[in-house]
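Listed after this line are the structures, all set down as structure tokens.
Next come two complexes built around chain A: one with chain B, the other with chain C.
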Partner chain A sequence: MKTSRLGPWLIILLGAIYFIVPLIATFEFSLRKRRGEYSFDAYRWVFADNRFIESFSYSTFVALVTILVGVVLVVPAAYAVRVRMPRLRPVVEFVTLLPLVIPPIIIVFGYLRLYNSSSWLPMTSSPRATDLLLVFAYATLALPYMYRAVDTGMRSIDARTLTEAAQSLGAGWLTIMLRVILPNVRVALLSGAFLTFAIVIGEFTMASLLDRPAFGPYMQNIGANRAYEPSALAIIAFVVTWACMGLIQLLGRGRRQSVAAA
Partner chain B sequence: MSREAELAVVAPVARSGGRRSWAWLGITPFFLFTVLFLILPTLDLVVGAFQTPDGSFTLDNIARLNQPTIVSAYWISIQVSVASALLGALAGFVIAYAVVLGKLPRPLRPFVTTFSGVASQFAGIPLAFAFLATLGPTGLVTALLDQYAGINLRALGFNLLSFWGLTITYLYFQIPLMVLILMPALDGLRKEWREAAAILGATPWQYWRHVAFPVLWPSLLGATILLFANAFGAVATAYALTGSSLNIVPILLYAQIRGDVLHDPHLGYALALGMILITGLANVGYIWLRQRGERWIK
Partner chain C sequence: MGFLDLEGVRKVYGANTVVRNFNLSIQRGEFISFLGPSGCGKTTTLRMIAGFEIPSAGTIRIDGRDVTELKPNQRNVGMVFQSYALFPNLTVAENVAFGLKVARRPKDEIARRVAEMLAIVKLPELGDRYPYQLSGGQQQRVALARALAVKPTVLLLDEPLSALDAKIRISLREEIRSLQRELDITTVYVTHDQEEALSMSDRIVVMSDGRVEQIGTPFEVYNYPATRFVASFVGTLNILDARIVDPASGRVVIDGQEVIAGRGVNGAGVGEVRPMALRPEAITLDGGNGDRNRMQGTIEEVAFLGAVVRIRVRFGENAVLLDTFNNPGVAPPPRGSRAEVSFGRDDLLLLQDSAAD
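Presenting the complex of A and B:
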């Protein structure tokens, strides 16, 4: 038995080396700003930089609005498909998978052609309208993850039975949506939300091509102009991503325990 | 529940008058949004690729793709995407196998899952920074190899801004993505199948060749195609690594949209059409292969 485990351990070890060494190297590099000794100067520089605070806040705000838009679009759709129109399921699933196939650069290029300032819906003519366009762009990126999370959540609560129970108690559709369905898919929604946040916060291509002051283009700019600060930013981005994923894992565990307890 | 049974349950509720209309209310915003902000913009580029600036039909834009810079950009892009998808699929499969079926300590699995989630999203600009700090000219691994092992990566011809450099960097998000997709698929392999195969005298190789692999291969292939599309459309990592110096399609298109090169939007639409066709064809291939694969599972 001992020998048969050697292979799997070796694989994990090799994988760990490939995945951990770049993190160590990045961290080490980020400490090199002061000559001759390790210091957190690069981090200090980043946190003192106004553009960092502004772009990070901007991206956080855009991420939150994106999550809101995602919830408003996906929850009623996933609910309607699961409870009322199962025949539409393949169509909806196909559409939610499209953003994994169409590259983001294509989607945003399409926006620039279709919604430019001389078009029928000039969404790039004012900064606020372009912000909204960026939110929509991110909502398409988040669509596959959001839909999958919500759909899984709906399956585990048996939305149809809940709906029938609520209806027989005289609830209207708004009540069913807000007071029955939403609270029950809350955990699934939160995982979708954290994943969306992780995707949106450092996104570069769409923000850059729509010319918005987001965190992704800021990082690119620092990368082109500074030596050690990019590594500090990479570590910060990694910690933010890790926090989002850790929270999803934690939520999932909580749900499993509550299901087991029920 | 089978499709018919599902419909039978729904039917009485659906027939009762106005109920159905609010279900449409729920799904209309979704379709309106995806048509306006996902499907129309993509189709519009496709149409643009066949138009002259004044709007009449032409194949000229497509024909003009046939110039050395563009052809070589497509070729390098395809090479990097295929290499990182295949290597990512292989390494991801091996790791998922080790975690799910390797009899390793149980706490390892949630850790690998979370880390894969993080690493598969850790793409773009920060990933480029990380690999510059690792394998770049002044990177830690470059320096350590030079100092202690006497290996000068530069002298060996290794350059982060090259085919292999880009492939190694892309693997950082490709492998974890594969692990995440394959772990549930490997869970689906029932212990009874292996036992049944063993009782019938099958060697482990025969079990994999005739039982496990035919069951797994649609998910394997599907995931590999997803990895291909993932790498083929990636802009940020390559852009932060190389600026505009590496000639791959997404970078070329990015530069074109920013107005740095070409100065010809309709050639840009043709470039975009090429990208859509390549990822689209890959997926049609996947669907076709999966249907063939499923015939054998049944």
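Presenting the complex of A and C:
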């Protein structure tokens, strides 16, 4: 018994080393801007850089809009497939997986061909329209994660029977959506939302090719031109992502606790 | 015309006819059960009454109004599901209040009605709990309260007790029935449990393969099954192949012994071999007195069940099961011995073939 316990722990340890050592190394390197002693100078530099604030807030804003678009798009779709058209399920699953199979660079070249300034819908000709295009592009990228998260949430509540119960009590579809379905897939929705956030914050290809001032291209730019600051940025991005994950856990648990306390 | 009418209702999925020509007229306040084996179309029929499925043909009327194509949320029909289907994000009280809120009733009326409903289902203390904090039986009571809170015209229940254990099932079915009587609400109850249907219903609709086999009171369905299917599905029943001798007087021959079916065998032709039904409790292991049918046979099997001794007697091709009460003074007859059995002339019933489409 004792020896067989050792195996799994060894693997966990190896995995942890594999992930943690580079992280520690990066962190350690990011502290060495000042010669001969550890300091947060690199971080100070990053936070003092206007482009960091601007690109980070730009990406945050784009991420929030993307999440909104994703929710409006995915929740009704996942609901319809679960409750009304289960036969469409394989088709929808396939479609939602496409963004994982088709590289972003191909999607973005498609966009540029379709929506360039001489096309029938010249979305790239104004910055605002390009922002919108970027949001749609990100919504596409996040689709596999958003759809799966929401669909799992729907499965765990038997959306179909709950819908019928609400209908027999006189509820119309809007009431059912707002009072029955959304509150019950809230946690699943949150995890989809944070995954979307994490994807959008770090994305480079689309933002760069559409020439938007996003966080991804900024990180790339710093990485190519500075020594210690890229490491600091990597750590910051890492912390932000993990804060998102932690928030999912917290909100998910918070709900169950408040329920139990009632 | 009744309170809830189904006329020529039919449901087809692709090439598959799931409900054929369903006709039923339910009186106000009546408790009707749909009884039948799995896949016979009980749920589908119930869902058509609720409005979750639209019939492929036929008409459904509630209180004189044609609701065949009406949306479920416009029918005011209460529904109780096998899986309870309580809203997990709402408390018990909020669940019960759901339909009233949708109907925009005033706040104080909702509060009063919720308290009243929770008292009726004997859960007055549990309004603040969440569904997952309740037992299955409690959840189903809440579901019942939720469905009844909006005062539906008809209450539909689809195997509401089949997820519960036996003891709670029995107490809850008595409660549902007395609640139904008290509120005088027209009710359709789906079950595949014949004991449940027999003990609860005013009338039972026995279904098989999308067809109505028989509609009748529990007494009628149990004692006078109309078809071979009903006879075999409801209770243990002996089915004997009899050759018709004289349809008018009811004389038939079973394994060479002539007996009389007191209710006649009208509709059967001379010389035909037809299935006939005989309840185990109608047969006695003696000659009896008066005008009874008597048959000679061999004891083939004796099963001691406690208060009851179940004995199989074989005549030839046919055999019957009969039940006798255990008598400490008399040992059951040994296997292989000859025996005479008798049964009332009216107890031998001709079975119709299943109704055609």
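The rule is short, and it goes like this: the second predicted complex is superposed on the first by the 248 of 262 C-alpha atoms of A that agree within 3 Å, B and C clash if a C-alpha of one lies under 4 Å from a C-alpha of the other, contacts with A are read in each partner's own complex, and residues count from 1 in each chain.
Please note the rule applied: contacts are C-beta pairs under 8 Å (C-beta built on N, C-alpha and C of every residue); 3 or more make two chains touch, one makes a residue touch a chain.
All values reported here derive from a predicted model rather than from experimental measurement.
Trainee: So, A:Leu68: does it touch chain B (first), chain C (second), both, or neither?
Mentor: In the superposition, A:Leu68 touches no partner, neither chain B nor chain C.
Trainee: Check the residue A:Leu143 against both partner chains and state whether it touches chain B (first), chain C (second), both, or neither.
Mentor: In the superposition, A:Leu143 touches chain B alone.
Trainee: Tell me which of chain B and chain C touches more residues of chain A.
Mentor: In the superposed model, B touches more residues of chain A.
Trainee: With both complexes superposed on chain A, which partner does A:Glu164 reach: first (chain B), second (chain C), both or neither?
Mentor: It touches chain B and chain C both.
Trainee: Name the contact category of A:Thr175: first (chain B only), second (chain C only), both, or neither.
Mentor: In the superposition, A:Thr175 contacts chain C only.
Trainee: Thinking of the overlay built on chain A, is A:Ile17 touched by chain B (first), by chain C (second), by both, or by neither?
Mentor: neither
Trainee: Quick one: is A:Gly216 in contact with chain B, with chain C, with both, or with neither? Answer first, second, both or neither.
Mentor: Only chain B is touched by A:Gly216; chain C is not.
Trainee: Would you sort A:Thr26 into first (chain B), second (chain C), both or neither based on which partner it touches?
Mentor: A:Thr26 sits against chain B, while chain C stays out of touch.
Trainee: Looking at chain A, which of its residues have contacts with both chain B and chain C?
Mentor: 164
Trainee: Under the stated contact criterion, what part of chain A meets chain B in this complex?
Mentor: 1, 4-5, 7-9, 11-12, 15, 18-19, 21-26, 28-30, 72-74, 76-77, 79-81, 83-88, 92, 95, 98-107, 109-115, 136-137, 139-140, 143, 160, 164, 173, 195, 198-199, 202-205, 209, 216, 219-220, 223-224, 230-231, 233-234, 237-238, 241-242, 244-246, 248-249
Trainee: In the complex formed with chain C, which residues of chain A make contact?
Mentor: Residues of chain A touching chain C: 157-158, 161-162, 164-172, 175, 179-180, 183-184, 259, 262.
Trainee: Which stretch or stretches of chain B touch chain A in the complex?
Mentor: 3, 6-7, 9-10, 13-14, 19-20, 22-27, 29-31, 33-34, 37-42, 44-45, 48, 91, 94-95, 97-99, 102-104, 108, 110, 113-115, 117-119, 121-122, 124-134, 139-141, 171-172, 175-176, 226, 229-230, 232-236, 239-240, 243, 250, 253-254, 257-258, 265, 268-269, 272, 275-276, 279-280, 283
Trainee: Can you tell me which positions in chain C touch chain A when the two form their complex?
Mentor: Per the stated touch rule, the residues are 50-52, 71-79, 81, 83, 85-89, 91, 98-99, 102-103, 128-130, 132, 143, 146-147, 150.
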